[in-house]
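The structures come next, written out as structure tokens.
One chain, subunit A, appears in both complexes that follow, with subunit B as partner in the first and subunit C in the second.
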Partner chain A sequence: MWLPLLGLLLGLALGLLTDMQIPVVYQNYLSIAVLAALDTLLGGIRAQLQGVYDDKVFVTGFFFNVLLAAGLAFLGVHLGVDLYLAAIFAFGVRLFQNIAVIRRILLAKWDAHKNTAKNK
Partner chain B sequence: MKKNYYTRITIILFIIGLMMTVLYNTVSDPKERDTRDVWAIREELAEEKKRHSDLLEEIRTLNEVMKRYEEITQSTPEVVLKQTIEELETKVGLRRYEGPGLTLTIMPSNEAKATGKPLKPIPPGLLIQLTNQLYEYKAIAIEIDNKRLTQNSAIRDVNGKTSINSEAITMPPFDIKVATTTIEDASKLQSQLLGSSIVDYFYLDDLLLKVEEVQANIQLSPSEQPFQIKYLQEVNERD
Partner chain C sequence: MKRPNKKIFSRKQFVILIVFISVGFIIGYSYDLTKEKRIAGKVDSQQLVREDVYREELINQQERNKELSEEVDQLQQSIRANEKLLIEGQEHAEQYVKRAEDLRLYLGDIPSKGKGVRVLLEDAAYDPKHANPNDYIVHESHVFSVINELKIAGAEAIAVNGKRLNANSYIRCTGPVIVVDGQQFPAPFIVEAVGEQKTLSASLNLRGGIIDQLLHDNIVVTIEENDNIAMPSTNAEN
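After this line comes the complex of A and B, so read on.
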């Protein structure tokens, strides 16, 4: 349970301590990649809670989403259309949907847990 | 299955954390915001350009000296050495200077005379400001009340009297002789002085700064103060 949190902290510490930076031109791509990664993460958690988690889907989904989002932003820059907005919109909507589903599942689990405790 | 899931989530979270901090570092990179506007940048650019041209000028003079050395090096190196010493002494103010320039006269203002105010010596701060401004306007040598200014000259207050190199200067009126490289520089200096606010500062101290006409040949006496060289050493050729 604590392992994912440790991973997050490790990533944050590594980034802060090494003071890594990317050229400002690529800032847009990275921000969209972060959004894609968050979307995949929440999707994975939801799938796990629903009992339909698949390792392959999760890992490929992560890389595919990140690359697709960055590719879309890249294409947008070259076509002069803000295509990255499409990605932000899609990921944003899915993010909230996933969070809503996770919340409902957790609430249902909690209720079930309370009912069993009462019956005992 | 569950273990696999946690490992994957950990790796993904690690990547997310890293990406977020990299993004944070990039966004907050300019810790101090550059608030200069176009004019401030232009001014800085102008200053740098001036320094550039000054450096080029210096390089040119040094090249000339080098050329002279090369030309006469076989026959009489002493002549060139003497010439260089002469030039340097003129530059620092140890020799009489003759060349284009102009005279400034400092006298009590008409109002002070009319109201009968007691005569005061010129404040050292004002004199320092004037000399600084003169050097800024390309003056190469200055003589205040027959006292030549050198790199070591100190203008200060000694027992209520303004003095240069510990010698008191007389009460106004007295003359300030300013030498420049060319006549054009002298006339430019004259107009810059007339247009600057330093004249008003003199007026505040009941003094009048009169800028005389440009002269083709002005004579500045050498400094009587000996140079004390504390930190320079002779170069040992074997080193």
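After this line comes the complex of A and C, so read on.
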């Protein structure tokens, strides 16, 4: 449990300390990458809770989603269509769905836990 | 199950760690970037405000410059006008100086010198036929008429026996002598006048003029044109 948290903190520190500048044009990609990362993260947590977690799927999903989102945004910029909106929309919807599923599972677990405590 | 136990953490945990580091990095980096942008935006707005202030100052300065250059134009024009006036004034000034000189001469404020005429009035020799000596001595009226004639003829300055006359001078008769401005003079009387010699002598010698009248009154008149007549100013003490 402490390992992912440690990793997150390490990543945050790295990100905050990095003094790299990227052009304004590419900042859309970054926002999409953030969304994709969050989505995959929550998807992984949901899968874990549902008992269908597979680290291969998780890892590939994470990187592939990030790259796909960035690629979509890139394409959108070059085609003159705001395709990154599609990515944001899709990821946003999935984010909420994942969170809803996690919430329900946690609620069900909590209820089950309470019941067993009562039964005892 | 043996392998994960040997290592500090399993492959699965390692993968999760990598993913979390990536997520953390992306989120942190994004946050950092947005923060910089916010700060940059603030700086931009400050710069905009400052730019506005500077622009306003610049506009004010330019307006002031415009006003000042207009003022310069006006001043230059007035200088030109004044210069023109000055030139005209200089042209006039010569005339004024000449006129002032004439007036000074007329008032007798300055000594006069130059060409002129000298009129000598002498009593006639004693004539026993005439019982009344008044008939053959020079009266102040004779001197008057000579002076008046000379003035009318344009004499610049007139003196009687070396006494300069001015506009306020008076001549009185006191028996055998005449008083000019409080100074007594006996005969013969010398009336000197500075001016155009020809005009002066011509006007004196007019037929039926002053000379004829004087001769008729038995007065010996001598008119002499002199190129160097000098007389003092009225203020000078004799």
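Convention: the second predicted complex is superposed on the first by the 117 of 120 C-alpha atoms of A that agree within 3 Å, B and C clash if a C-alpha of one lies under 4 Å from a C-alpha of the other, contacts with A are read in each partner's own complex, and residues count from 1 in each chain.
One rule holds in what follows: a residue touches a chain if its C-beta (ideal position, glycine included) is under 8 Å from a C-beta of that chain, and two chains touch if they have at least 3 such contacts.
As the structure is a prediction and not an experimental result, all values here were calculated from the model.
Shared-chain residue A:Phe62: touches subunit B and subunit C both.
In the superposition on chain A, contact of A:Ile45 is made with subunit B only, not with subunit C.
In the superposition on chain A, contact of A:Asn28 is made with neither subunit B nor subunit C. In the superposition on chain A, contact is made by A:Pro4 with both subunit B and subunit C. Once the two complexes are overlaid on the shared chain, A:Gln97 sits clear of subunit B and of subunit C alike.
The contact surfaces that subunit B and subunit C form on subunit A in the two complexes overlap at residues 3-12, 14-16, 20, 22, 27, 30-31, 33-34, 37-38, 40-41, 44, 55, 58-59, 62.
Against subunit B, the residues of subunit A that register as touching in their complex are 1, 3-12, 14-16, 19-22, 24, 27, 30-31, 33-34, 37-38, 40-41, 44-45, 48, 53, 55, 58-59, 62. Those residues of subunit A that touch subunit C in the shared complex are 3-16, 18, 20, 22, 27, 30-31, 33-34, 37-38, 40-41, 44, 55, 58-59, 62, 66.
Looking at the complex, you find that subunit C touches subunit A at residues 9, 11-13, 15-33, 37. Chain contact summary for the complex, subunit B toward subunit A: residues 1, 4-27, 29.
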